[in-house]
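Heads up, the next two complexes both have chain A, just with different partners, chain B and then chain C.
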Partner chain A sequence: MSRFIEVLLVEDSPADVRIAEEAIVDAGVNVNLHVVNDGEAAVRYLTQQAPYDNAATPDIVLLDLNMPKMNGHDVLDEIRNQNNMKEVPIVLLTASESCDDVEKAHNLGINYYLRKPVQGPGLGQLLNAVQSLWH
Partner chain B sequence: MTNGVYIHRSLEGVLPDANLLHVKVRTKEILEKELQRREIASKYDLDLEFQPEGTVTTAQTDRLNAREEGRCKQSLMNHGADILRNFAGIKPILPYVVAVSITILCTLVGMAMTPFVDEENFCMLYLLGVVLVSCRYGLGASLLAVLLSVASYDFFVVSPHFTLARSETPCLLTFITMLVVALTMSGLTARVKQHAKQLDMRVKERTYELAVANEALKVEVASRAQAEERLKEAVEELARSNTALAQFAKIASHDLQEPLRSLRGFTDLLTRRYAGKLDEKADEFIEHINDCGKRMERIIEGVLSHARVQGSDRPFVNVNLNDSVKEAMKNLEVAIKESGANISVDELPTVKGDALQLVQLFQNFLANAIKFRREEPLRVKISCAESVGSDEMAAYLDVDDDLPRAFWHVSIRDNGTGFESRHTKDVFTMFKRVHSGQVYAGTGIGLAICKAIVERHGGNIWVDTMRNGGSTFHFTMPIVTDSEKSAA
Partner chain C sequence: MDFYYIFAGSPNTPQRVLSRLAVCGQLKVRGRIAENKETPADILQLLAGDENWEVRASVATNPRAPQEVVEILSRDENADVRYSMAECDHMPFHVLDRLAQDENPYVAERARNTLEEVFVRLAI
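Showing the complex of A and B:
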């Protein structure tokens, strides 16, 4: 039995959270899913500030681009230099067709991007790949 | 243009004898319009009035005269000079005073010289006096001078002195000679004066006409400058609103896209997990939701793509259109195979442009041809010719200017359904679909994107078509010279 992988989903839309949850179920991977609803909370979580003092460093971050308070770009800018965050794969979730948005995120250090809604084999393959790292 | 008479009242004082100006101004409308604005009229102290040619009557002239008094400085000065000239009747008396004075002067000289000079010679002195008077002061004064001269000559100069007793032939001869000289000279003088006066008048008239024409020209120049300014502002405004619209389309589509994607996510989940598990109607409803979602997605993608073309600032590079067509055909490979389309492509030129957009251009044309094919096998022919702007194109575009440079004229001809020729402009408008949606799926954006792309490349787009007779889409692109190519 492989270990559960820690996934942080940063997503403001409840509907999109639901879809992601279902996609994870479909993927059949053992996941501890943590959800935060905006960029600020994401930064607090990843830097283990209250109320996320005891949060485990995630194995993968699914980061929405378009969010209130801080958007995905701001979050990337803020956390990519944190010591515990240098190696963590970050996947950008975007509804945007714009190459510019993805390119900008890429320059800020994303590892991969998925088009929303998150469903089908894409996320499953990704989670499986992450899990295989921990075998 | 109407020719007309402009009465330029403020300048009338300059021309005491001619209060009317007959200036033909080609641009009556402009002048009138500008006068309505009052700004220019007040700036130049102009008061212009338009009257159709030939309707200016003497009564009007008089009325204008009366109204004009004291209207402007020039007028006042002239008026003052007239008053001075007439003051105390100086004007009519002066010549006679001069005539008398000259005669007296001649007499005094004659009397003083009598001891030394032969007295007959003095008649020449008097003749000189008469000539001088008649040259300067007209007939009346010169006649007076003649009479006085003859009398004085007889009375004071010729002996026996102080008597008019000598009435012999030489004296009569002197009188007749002087009379003839006086008449001739004063007649000549009068004519010369009259000519001079006429000449002066004409000079003034011309000056006046010129002044008015000059004013009219100033007004026209000002109005043209204004029109140009307004045009520039309008163009800038248009560019601004265009950018704003593209921006709006982008943002709106973006925000529409997010909830739509969630919606599609859930319907996908429904389909995958519940298809066949609910009743038949539920399956049908899910399918409809899916179809509508897909369609809306395509529309939003279209709008975004249109906005991207307009808002794009990717620099132009040399693009070989043959490559663009090849790429477009590769993207449409499946559809081309399925439809069994036969696409033939002539040798195409290299233009300056956006490679991705030019692929999209041909792709949209080809997709359009495939979509609107008929039963018979689809044939598409892409050809190109050099053109300096055909009459046909000029007629379509409502331009009569000489097109500044040569264009490549690319045609995409198909044997598809075609459409009614009254729709030839509509097809390039967003969301205008000339076929009913039931028969042909489509978003109505493809050709609008083509138009945006062609226009961004400095060309024009149009179509020839007939219902059931196929369509030929045309577009133009500026020809790139070899030097421009190497500069890129």
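Showing the complex of A and C:
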């Protein structure tokens, strides 16, 4: 049996969290899902600041673009320079139709982007590919 | 969705992941890595010996290909590899000059045209 993939979902919308959870179940992948609800919490989690002092570096980050406090671009800007976060795969989740949003995120270091609503099969393939290539 | 192919072409894919992908056995994935402008020299060196000429041609025309790799591939047995290099205006002059005298007339003609285009541009 393959090990569980540690996924950090950064998402402010409870409805989108629920959709992502369902997509993970549909994907049939063994996942430990951790959820934070805004960009500031994501940065604290990924830099192991309180209350996330003991948080392990996730195997993959699913990062919403539009969030309160700090948006996805700001989070990327903040964390990609951290030593433990340079190579962690980050996938942008967006409902935006703007190519500029995605291009800016690519320039800030995302590895892929998924259009919302997240779908189970696509997410499953992505998680499996990341698991086999990064770990 | 072929994520191996997608990651192979991404400028944000870490080097160690590209190394794994380079030996994954899928031709289109190796070709995509060979085209990736962020692929490091050691991986390009590995792919320069690929059995498939399209992969070798992509390495040869990648601006990050090491000089010694460019030299070797400019003498590749496959004329399509040499032709790809002859089309490429960022090739060193001496490589284009050698290709302009290639035994294959199409390669030679293409290299002469590229040299001419480069000279015209430099004159402007």
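Throughout what follows, the second predicted complex is superposed on the first by the 131 of 135 C-alpha atoms of A that agree within 3 Å, B and C clash if a C-alpha of one lies under 4 Å from a C-alpha of the other, contacts with A are read in each partner's own complex, and residues count from 1 in each chain.
Assume a residue touches a chain if its C-beta (ideal position, glycine included) is under 8 Å from a C-beta of that chain, and two chains touch if they have at least 3 such contacts.
Only a predicted model underlies this, so the values are computations on that prediction, with no experimental measurement involved.
After superposition on chain A, the partners chain B and chain C are accommodated together without colliding. Once the two complexes are laid over each other on the shared chain, residue contacts for A:Thr57 go to neither chain B nor chain C. In the superposition on chain A, A:Pro117 contacts chain B only, with no contact to chain C. In the superposition on chain A, A:Gln48 makes contact with neither chain B nor chain C. Judged by the touch definition given at the top, the superposed model places A:Ser13 against chain B, while chain C stays out of reach.
For the combined arrangement built by superposing the two complexes, chain A sits at the apex of an angle of 80 degrees to chain B and chain C, based on C-alpha centres and given in steps of 10.
When the shared chain is aligned, no partner comes close enough to touch A:Gln82: not chain B, not chain C.
By the touch criterion defined above, A:Gly109 lies against chain C but remains apart from chain B after alignment on the C-alpha atoms of chain A. Touch criterion met: A:Leu133 reaches chain C, while chain B stays clear of it.
The superposed three-chain arrangement places the nearest Cα atoms of chain B and chain C 15 Å from each other. Applying the stated touch rule to the two superposed structures, the chain B and chain C interfaces on chain A have no residue in common. Within the complex formed with chain C, the residues of chain A that make contact are 86-87, 106, 109-112, 122, 125-126, 129-130, 133-134. If you check the complex, the residues on chain C that touch chain A are 1, 3-4, 6-7, 10-14, 16-17, 20-21. Within the complex, the chain A residues that touch chain B are 13, 15-16, 18-19, 22, 66, 95-97, 116-120. Within the complex formed with chain A, the chain B residues making contact are 254, 257-259, 261-262, 264-266, 268-269, 301, 304.
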